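Take a look at the structures below.
Look at the two complexes coming up: chain A is in both, with chain B in one and chain C in the other.
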Partner chain A sequence: MAECHPVGFQWVMEAKRRGATVIHVDPRFTRTSALADAHVPLRAGSDIAFLGGLINYVLTNELDFREYVVEYTNAAAIVDQEFQDTEDLDGLFSGFDQESMTYNPLSWAYEGARATAAAGHRDMPKPEAGAAAAEEEAGAGAGEEAGSGGPPVPGKPERDPTLQHPRCVYQILKRHFSRYTPDVVEQICGVPKDQFLQVAHAVTRSSGRDKTTAWVYSVGWTQHTVGVQYIRTAAILQLLLGNIGRPGGGILALRGHASIQGSTDIPTLFNLLPGYIPMPHAHHDETLEEFVESDAGSTGFWGNMRAYAVSLLKAWWGPHATEDNDYCFGYLPRLTGDHGTYRTVLDQIAGKVQGYFVIGENPAVGSSNAKLQRLGLANLEWLVVRDLQMIETATFWQNAPELETGELETERIGTEVFFLPAASHTEKDGTFTNTQRLLQWHHKAVEPAGDRRSDLWFYYHLGRRIRQKLATSTDPRDRPVLELTWQYPTEGDHDEPSADAVLREISGVDADGNPLPGYTQLSDDGSTACGCWIYCGCYADGVNQTARRKPGSEQSWVAPEWAWAWPDNRRIIYNRASADPDGRPWSERKAYVWWDREQGRWTGHDTPDFEATKPPDFEPEPGAHAQHALAGTDAFIMQTDGKAWLYVPTGLLDGPLPTHYEPEESPVDNLLYGQRANPARRLYRHPANPYQPRGGDTFPYVFTTYRLTEHHTAGGMSRFLPYLSELQPEFFCEVSPELAAERDLEHGGWATIVTARTAVEARVLVTERMRPLRVQDRVVHQVGVPYHWGPNGISTGDAGNELLPAVLDPNVNIQESKASTCDVVPGRRPRGPDLQRLVADYRTRAGMSGSTDTATNGATTDSTTTDGAVMNRRTGA
Partner chain B sequence: MGLKTWLDHWPVYRQLTGTDPLGRGAASKSRRRAELTPRTATAERVVKSVCPYCAVGCGQNVYVDDGTVTQIEGDPDSPISRGRLCPKGAASEQLVNSPTRETKVRYRRPYGTEWEDLDLDTALDMIADRVIQTRRRTWQDTDEHGRYLNRTMGISHLGGATLDNEENYLIKKLYTALGAIQIENQARI
Partner chain C sequence: MTNQLYGPVDDVAAQAGHADDHPPRVGFLTDTSVCIGCKACEVACKEWNLVPEDGMDLLGSSYDNTGDLGANTWRHVAFIEQAAPRRELVDLGMPGKGPPGHVAEGLPDAPPGGQQTEQSDRDVRWLMMSDVCKHCTHAACLDVCPTGSLFRTEFGTVVVQEDICNGCGYCVPACPYGVLDVRPEDGRVWKCTLCYDRLSDGMEPACAKACPTDSIQFGPLDELRERGAQRVRELHEAGVEEARLYGEDPNDGVGGDGAFFLLLDEPEVYGLPPDPVVTTRDLPSMWKHAAAAGATAAAAVIAAFVGTRR
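Take a look at the complex of A and B:
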């Protein structure tokens, strides 16, 4: 965190000054470790075992926050008797189909809820489409579409509040994690038992009524084939300790781009519409009603999804969207499976995708197995790149490494390339959404020079021109384009569209065009229009709430008048849980929102994340809908059952509970189960994407990629700047003195890092910051690889991400870039065709000759808290 | 020039006789330095902004003179950053004023070996044509099971996490209306 979010880290130091214990769990010793009370190095890719060990410690010693757990989580819910755990099936949950490598989640349901769970498995294909379609659909990132609330389950499951029922979630958790003992943690993670127990003591000591612990993480947790389950493990721990929805608690994602949260909320993502409404899937004949029913469930706030969806369709198709035509629901294109970026790149290589827009991103050096990306770029008909600088994605036809090896020739690359210079943040108005869901407006300071334009300008005018060209078309396929609401006021010499007008549309208006105050005002009868329901109210009262800048020194510590947080300007979501079931703060020290009996409403330091006047003792009527079905103690209002889920009865593609699996490429077997890696992980079998076989001595070392303080992602915004290039001038790798001795590496000299994909060269940094770990019966060396470089700019070098395979988490399609295996040898890498020969030789030695299809079946965190321990880890995306 | 004035030019003299015996403050300041004014103090305008790098969202004050950004500093008002910037944020004046930033559209024709010039308006027109043609050619009304698709699989997109919300909104809106679904960004990369 101190490395990649240094200014945010000031608050960790504030907390430490006030007595918090800061623990840093990370394979590497970094600036964060230097300032923490303790640094806990662990093997990259083993965090579920570490966190699972903490969960086991809490459950074994009954240190959970029992009242919170019983009232606010699904610990008491009874699970179907057909459910079988990984403990029963040697690393698989019930419902796994070996042929398709996918799960049928029916048996994971709450008791008596199997039918509903099936219908409620999101907008998946109906049986008529056949098994093949079902398998294809499994890749559609369904696990992510529950972003705004859990997927639907029947209103209230059967419960045993004593937590004694053998099939209640609490008892299932106890059995599931019982083998994650301190000894097992030591053997899997390489963390000595004593050190693990120190962390366990610190975390549990700093949680409860009067204290909270926060966990802070970055892509060191998410970029794994079990990335979602990493976060799930942290969620279970934090819920057991009562650390969610409370000040100083939480699981805090440190995201890596100025508006990466915003581009998830208003998603430039294939499987989502704004506000985490899923993109519809292909069916023979699906109505809006059926789409909503299959997704929304009937209870909890997500039960209002129809209002959110109709308001979005009204924002996009205006008067053309009517009740009679299902509000133009048929205009939305349909998904049939995995349409993520890695799948798309393979389809580019296969010639199925002809056109590609790359906007402010640099996949030619920034994505896993960057060669795949370049092969895709080289096989397009046309490519549009918009960026500040001439990045490698635009120049691949001039300087891709494949030109040197002879795999590509410039004269034979048919891709037509348009490079359009982009405006910078100081040359346009607009909002970024930061990592705490805060929308902050930045004002235009100067006009962009030359052909530089904002992306708002580009897309507005591209759309305008396409509409002009299609204006006389009578093809029904063009109607969604021609009927689109696309009238935005423009200003200035460049006809810049008004970002302010776009934000108003996002925030939403009523039938008379008046700004809406918030999402509870959205209607499903077509009388409201709103481009993103979770952002509804960011333009309340006709005022750009995101541009508010009342100085922090002039307001409360929550700072509610600085910018605007979604939803409804809430700074901590699910903050009902900061009060006890009766609505009183768990302790005075941790008071945040509470029930004011005299006023008959919720009040506090923040906007309460609960219906303002629903009393704590409220009991819903049977059959009630949406939020009306939630009791006064159902703090997790987006969930259909109002409870936070320790156990996930439906919605995930790789199991209802986290389980330790080894990364796709790992030096060791899975100590716990016969099942080595996540059985449902997403593999892309392609000659240019070989996976290394398990074990063996060919690729003996673990490597992990990360960012440096002085550079940014794939380098487009940092490698071209003199200051930053001077501060970090060269690509390097970090190795321990022990590994340096083993491989004869010289500090300051060159090393070549080899995987089955390719080899790259880097300067060697020999440092005790990298520490060999004892894992099972062997010593594991880890190599640190910052990934910022490429051939363009002031500071140049090989791209670390060349080394990685494309293998993904099945729920959200994120790649495993934080734990893989490699070899390291002294000296520079070979040039030209010799490079390919070196890598081919390694493949042969690894037993991969003749086949690249060798997939075997088989992190950490920077952290902080106000009172307690927490971890944190290296950043990437 | 009197002796006193002459001696006053000598930092060691000032250090020995003044209030700064360690020579780390007033004693080390030359007259030239005393006469300088930081460009932030005389800027025509100060524009409120947000750092474009990571997602912490630090406040920035953008100093503008004569239509040019002259400096970017941390905004002390921000309750997030309290005026601080990291090395990247502090270098963002170089980001926006970089001499290697492109100002002109560049075009590489199929099988070409060099960049060519292209008018922005022509480029936009050509791209609009490419989109329309590719969309027509790759359109899918239904799949082999007869299910409704209403889409093109010929057009793909990557990028968004460095853009504004308003930009992402128009991007998603336009592509969805065009039936393009292979839209992705850094959020899962």
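Take a look at the complex of A and C:
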């Protein structure tokens, strides 16, 4: 966190000064470790075992916050008797289909809920549609669509509040994690037992009525084939300890860029609409009603999804969206499967994609197995790159490594590249949404120089010009574009659209155009328009609430008047859980919101995340809808059952509980199960994306990629600036003195790092901060590979991400870039075709043929192409 | 007030001739116990003061690729990796750190940021410190400057006026900390001005403004000295016995620094001189010696002539 989020880390330092204990769990000793009370090095890719060990510690010693757990989580819910755990099936849950490598989640349901659950899986094809369809749709990252609340389950499950029923979630959890003992943690993670127990003591002692513990993670948790389940494991632990919805608790996701939270809220993701409304799938003749029904569930606040969806459609198509035409629901694009970045790139290589926009991203050096990206870019008709600097993605045709090896030739690349300089955040108005869901407005400080323009300018004028070109079209397929609400005021010499007007549209208006106060005012009859329901109210009273900057010293410690947090300016969501079931604070010290009996309403330091006047003892009428179906103790109001889910009966593609699986490429077998890696992980079989086989010692070392404070991601914002480049002028790798001795690596010299994809060269930093770990009776060395570099700019070097395979988490299509295996040898890498020969030699030694069939756990192989025919060339032949 | 070249000085600005209503002496307290080595100070300094880039060299010196203070580096973050024999883990329930009533628990008795693995018999510690011109009470650079380019500001800081600097370089060896440096491209001396221009506009220096963890604190020197002493007490209470101040003592060899430090180890570990002395301390006695030598020589010459006559 100190390394990549130094500004946020000031609050950790402040907490430490006030007595907080800071523990850093990370394969590497970083700037964060330097300031922490303790650093716990563990093997990259083993966090579920570590967190699972903590869960087991809590459950075995009955240290869970029992009242919280019984009342606010689904611990008491009874699960269907057909459910089988990984403990029963050696690493698989019930419902796995070996052929399609996907799960049918039917048997994971709550007891008695099976049939209904099957019908309501987020607008996905019905199970009877067959495994192939299920697989295709699974690729659409359906797990992600439950972004701001769980997917629907029908009504309330049967419960055993004593938690004794053998099939209640609590008992299932206990059995599931029973083998995650301190000894097993030591064996899998390389964390000594005594050190693990110290963490366990610290975490459990700092949780309860009077104390809370927070977990903070970054992409070190998300970028794995089991990334979602990493977070789930932390969520289970935090729920067992009562650390969610309470001050000082929670799980904080540190994002990789300034507004990544914003870019999922108002998504740049292919499978989501604003506010985590799922993108509809390509069914025939599906109505809005059917879409909402299959997605929303009828209870919890998602029960109002129709109001959110209709308001969105009204914001986009205005007067054209009427009840008669289903509010233009048919105008929305439809999903036909996986359209994630890696699938798209393979489709580019296969010649199925003509044009590509790359905005503020540098995939040619930043993505896993960056070669795939460049092969894709080289096979387009046109490419638009908008960036602050002339990044490698815009110059791949000039200096891709494949030109040197002869795999590509500039003369034969037909892609027409348009580079458009972009305005930086100081040159435009707008908001950043941070991980705390805080929308913070930034004002333009200076006019963008030269041809630089804001993204808003670009998209507004692109849309305007497209609409002009289509103006006379009578083709029905052009109606969605022509009928869009596209009237924004513009100003200045360059006709810059008003970001303020856009925010106003996002926040929403009533039928008379008056700003809406909040999302509870949204209506499903077309009388309200709102661009993103969770942001509704950020322009309440006609005031840009996100631009508020009242200093913390002039308001309460919750600081509600600094900027604006979604939803409804709540600083902690699910904060009903900060009070006990009767509505009293769990303790004086941790008081946050509570039930005021006299006034008959919820009150406190923050906006209560609960219906203001629903008393703690409220019991819903049978058959009630949406929030009216939630009881006064159902703190997790977005969930259909009002409970936080320790166990996920539906919605995840790789199991209802987290399970330790090894990364796709790992030096060891799975100590716990026969199933080595996540069975539902997303593999992309392609000659240019080979996976290393298990076992053998060709690639004996673990490596992990990461960022340094001095640079930003793939370097577009830092490698071109002298003041930042001089601070970390070259690509380097970090190794322990032991590994340096084993491989004759010299401090300050060169090393070549090799994987089945390619080899890169880096300067060597030998440092005591890298530690060999003892894992399952062997010593595992880890190599640190910061990934900022590429050939352009002032600070240059090979791109570390060239080394990685493209293999993804199935739920959210995130690549595994934090744990893989490699070899390291002293000296610089070979040049030209010799580089390919070196890698080919390694592949042969690893027992890999020219094909990509690398014995990855029974996965089917659909490609027998050899390396020679990588691309189906679209142009330039 | 008489001129002094050594020992405590109550009011350096007044001593330098500034009127009585001059602002209080200001400086930096750089608290290395919260420094995260982000180098924002280096960058902010360069941005504000338009200091040129200082070379694209990978030094192999931990994460430090700046190397040292110089004409083109006015803030420098040092990174010190230390491996030490492993300390024994002690039992849990470490007594509270922090304000009364709060109890922090369950941590091994490791040094701050200590790393321990069973496979190893050593701990690792990573110290970071942002170094800067000390703005000494007795600034030898200023004493030896023949052009008056170096001067004491009304804030008690020491600043080079580069438009007067003739590049003689006398100040370079005079500095006991090795801060002063000639920029080869233009032959003149450049160093930290404590953002004299910003101070004049009531703003804090760029490095302090940019520091995310308040490792670099700016303010009236008296206040900073109190804050520093308080912080050392806090750290000692929390078991960080290595914490100490460096350069805050008016009785030290430079009369105390305007920019002083809270360190977690001996100054040498950070590349700082353990006992710096203003190089002009002995100037008066040197002049006396020189005068005596001159007088002796003159006497000898006279004696010689007198002898000849005789």
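Operating definition for what follows: the second predicted complex is superposed on the first by the 850 of 877 C-alpha atoms of A that agree within 3 Å, B and C clash if a C-alpha of one lies under 4 Å from a C-alpha of the other, contacts with A are read in each partner's own complex, and residues count from 1 in each chain.
The rule we apply is simple: contacts are C-beta pairs under 8 Å (C-beta built on N, C-alpha and C of every residue); 3 or more make two chains touch, one makes a residue touch a chain.
Keep in mind that this is a model prediction, so the values were computed, not measured.
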Check chain A with both chain B and chain C modelled on it and let me know: fit or clash. clash
Touching A:465, do we find chain B (first), chain C (second), both, or neither? first
Return first, second, both or neither, reflecting whether A:264 touches chain B, chain C, both chains, or no partner chain. first
Tell me the contact category for A:19 with respect to chain B and chain C: first, second, both or neither. second
Partner chain(s) touched by A:10 [first = chain B, second = chain C, both, neither]: both
Tell me the contact category for A:206 with respect to chain B and chain C: first, second, both or neither. second
Between chain B and chain C, which one contacts more residues of chain A in the superposed model? B
Counting only touches as set out at the top, which of chain B and chain C does A:710 meet: first, second, both, neither? both
Answer with first, second, both or neither: which of chain B and chain C does A:724 touch in the superposed model? both
Considering only touches as defined above, state whether A:357 meets chain B (first), chain C (second), both or neither. first
Thinking only about the overlay and not a real complex, which stretch of chain C clashes with chain B: 2-10, 74-82, 92-100 or 164-172? 2-10
Quick check on the output: what are the common chain A residues between the chain B footprint and the chain C footprint? 6-7, 10, 709-710, 722-724, 727
Residue numbers of chain B touching chain A in their complex, please. 45, 47-60, 62, 64, 67-69, 72, 76-82, 84-91, 94-96, 98, 100-113, 115, 118, 120, 123-132, 134, 137-139, 141, 143, 145-174, 176-189
Given the complex, residues on chain C that touch chain A span 34, 36-40, 42-43, 46-47, 53-58, 60, 62-63, 65-66, 81, 83, 89, 92, 96-99, 102-108, 110, 112-120, 122, 124-128, 212-214, 234
Of chain A, residues touching chain C in the complex: 2, 6-7, 9-10, 13, 17-21, 23, 29, 31-39, 41, 190, 192, 194-195, 198, 201-203, 205-206, 708-710, 722-730, 732, 747-748, 763, 765, 767-769, 771-774, 779, 794-795
